[in-house]
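Down below are the structures I want you to see.
Both complexes shown next keep chain A, but they swap its partner, so chain B is in the first and chain C is in the second.
Coming up: the complex of A and B.
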């Protein structure tokens, strides 16, 4: 299944930040949703701003337009405000993208756990994200930080408890 | 308050859970090792093929020997993984057994408590009293029913007879599918005759 680009993607002015406030807001919203759905489609969890500029999402080779680094920063900042993104460093060059909130991931994982009758059992994080049993589940291949966040979300709901041991972490579902 | 919660949290993960986790982690490590070796094997197989093609038979043979050894390692790892998994399952099952016993214990205690409340003498007394009450009620019923005289009773019976006779006079309902329903209200001999009829029909068919 190939990624479906929104119509704006082939619209050259989309790649220049608009001066008009209203237009700019709409443009940013469109960029945000584009960036998120792109990451979702390709299952990307961490982005590098420099690399992102070269990736097709911000660089449309067909119409020879690409979003400037500053504009990307603005888009990312907007995403951060919405809670979908977190910077990894002070220079704002790398970031974590959460196209699904930790609570939603947690819910998905918990659904899988209860469907498989694994409530009240212990799992390793590796088992959840890389195990054979989760093959085909949406959270298969989830990066560890994201997995941990979603489990933490479940923990605050009282549905799971993270166990930390000397060599690695595990989780028990309730 | 925070202390209470802290304590509660700690109790939710038992020592057994930790042991299971450790076993599972070990298993994960073995899995990763397995993956690594199988990838390696695949690579070496290709390399051996390449060597054979190039005519370096000696080297290919050596490589295959190495591969064979790793194959054995892979088998061993598989065994170890299944050992670990069996252990995990045993542990989990033992936990379940403990829970079953606990459940039985609670049920047993509850039953005991309830039996304390219900002594045999008590039950006997209650049953006697109930019997007395029923007897008393029957007496009252008799007294009240006495308000109808013998003649009245006869009149009632006659009327009942008249009604049932009237029903017989009605033409029979020609239904083959549900022969029992219309006769349900009629008298018993009537019903039996009706029941025989469909049987005869069935025989004829």
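Coming up: the complex of A and C.
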């Protein structure tokens, strides 16, 4: 299944930060959704700004346009405001992309747990992300930090508890 | 030469020697005098000549008897019969004299057909001598301190034109030169005012031709009419509003604004309702011919459009560009036309748009920016330049 580019991707003005406030808002919204769906499609969890500029998302070779670094920063900043992105360093050169917010992930996981009757049982984090049972689930292959975040979100909701074990972490669902 | 009288060569009590020069020969008019080379002495009162060898031979003439004198540069003297013996022509000072008074003491010549003498400087020194003589003739010290012996002076009318010498002469010359300059300047301006009169006639003429063209439309091709109209347009305003006619300040600007309103209407309509202020400035000043406007006055006059309820407006774009536009020229229309053009072509740069509309690039860009500001267009700023696209967002 190849990634389906939005129509804006082939529209040259898309790659220029628009000075008009209204236009810019729409443009940024389009960029955010493109960036997130691209990351989701390719299961990307961290992004490097420099590398991102060369990646096909921000660099359309067909129409020879690429988004400038400043504009990428603006887009990322916009994503951060929406809670989909976290900077990994102060220089804002690397970031975590959460195309699903931890709460959403947590919800998905909890749904799966309750569906499979695993409430009140303990399972390891490895089981959740890489176990045979979760194959086919969206959170299969989820990076550990992301999984942890989601479980923490569930914990604050009172639906799970993270247990630290000798060889890693486990979780108990309620 | 008959003006000279014998002298003992001694100076009087109040008389002082100014300069003396050796090797001076005297000429009676153009003829060499029958005297040898001697020393010329200039005192405050007299011009004295003494023979170099025979000191008893001394003659003098009061300075008051001199009418005027002039230098004769070496080599350009008339070669008279008597002078032909000398091979070189020395620099001379020619001194014109009043006729000798009746009571004159006897001198070497009883009579002479010349009224002037020449001093020929064999051993140079004529420049300094001339200068000192000029000084003495200006100061006229012989008048202030008369010598004990009354010096007979010629009181006859100073015939002919007196030649000014010395500081007075210089001053007089400066004065003359100033007058000359004055005259020249006023002449020059006379030409200008004549030109202005002619210009007015030309404007009248062009106007009458324009009217004829109107009457005879059809006889002349469209192309010619247009060309001629463009000539007329640059011919101008018959009686421009000037600071002279309308004072300064607000009133002047108001009048100016009214005149601008009249004259800019047609060109504005031709150009699609909008002109950059620089363009207006050129057009107006070309039409005014001599009475040029300052940019400041033009801006101030344009600012008056609104308060005077004229159909023109001065508009300042966000970029600072100022334009004059017709009031009827609505923004919405402008934006709509920009959007139409861009949609039709897919995308446009300011240059392309300018070509399409026959506008200046500056103005076309302003229009595109305006349309962008209103959210109808968006931009693509790449290495190929700034292009505008319909806003599809």
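Points to keep in mind about this one:
FYI, the second predicted complex is superposed on the first by the 172 of 174 C-alpha atoms of A that agree within 3 Å, B and C clash if a C-alpha of one lies under 4 Å from a C-alpha of the other, contacts with A are read in each partner's own complex, and residues count from 1 in each chain.
What we mean here is this: a residue touches a chain if its C-beta (ideal position, glycine included) is under 8 Å from a C-beta of that chain, and two chains touch if they have at least 3 such contacts.
In this text, all values refer to a predicted model and were calculated from it rather than measured experimentally.
After superposition onto chain A, partners chain B and chain C are found to sit side by side with no clash. Centred on chain A, the angle reaching out to chain B and chain C in the chain A superposition, using CA centres, is 160 degrees in steps of 10.
When the two structures are aligned on the shared chain, A:126 is found in touch with chain B, with no touch to chain C.
After overlaying the two complexes on the shared chain, residue contacts for A:117 are found with neither chain B nor chain C. Applying the stated contact rule after C-alpha superposition, one finds that A:161 touches chain B and leaves chain C untouched.
In the superposition on chain A, contact is made by A:174 with chain B only, not with chain C. In the superposition on chain A, contact of A:136 is made with neither chain B nor chain C.
Contact with chain C, but none with chain B, is seen for A:18 once the two complexes are overlaid on the shared chain. In the overlay built on the shared chain, the residue A:26 is in contact with chain C alone; chain B does not reach it. Note on the superposed arrangement: chain B and chain C approach each other to a least C-alpha distance of 49 Å.
Those residues of chain A that touch chain B in the shared complex are 121-124, 126-127, 131, 161, 163, 165, 167-168, 170, 172, 174. On the chain A side of its complex with chain C, the touching residues are 7-8, 11-13, 15-16, 18-20, 22-23, 26-27, 30, 64-65.
Of all the residues in chain C, the ones that touch chain A in their complex are 347, 372-373, 375, 378-382, 387, 389, 391-393. Only residues 9, 12-13, 17-18, 20-22, 24-25, 28, 31-32, 92 of chain B touch chain A when the two sit together in their complex.
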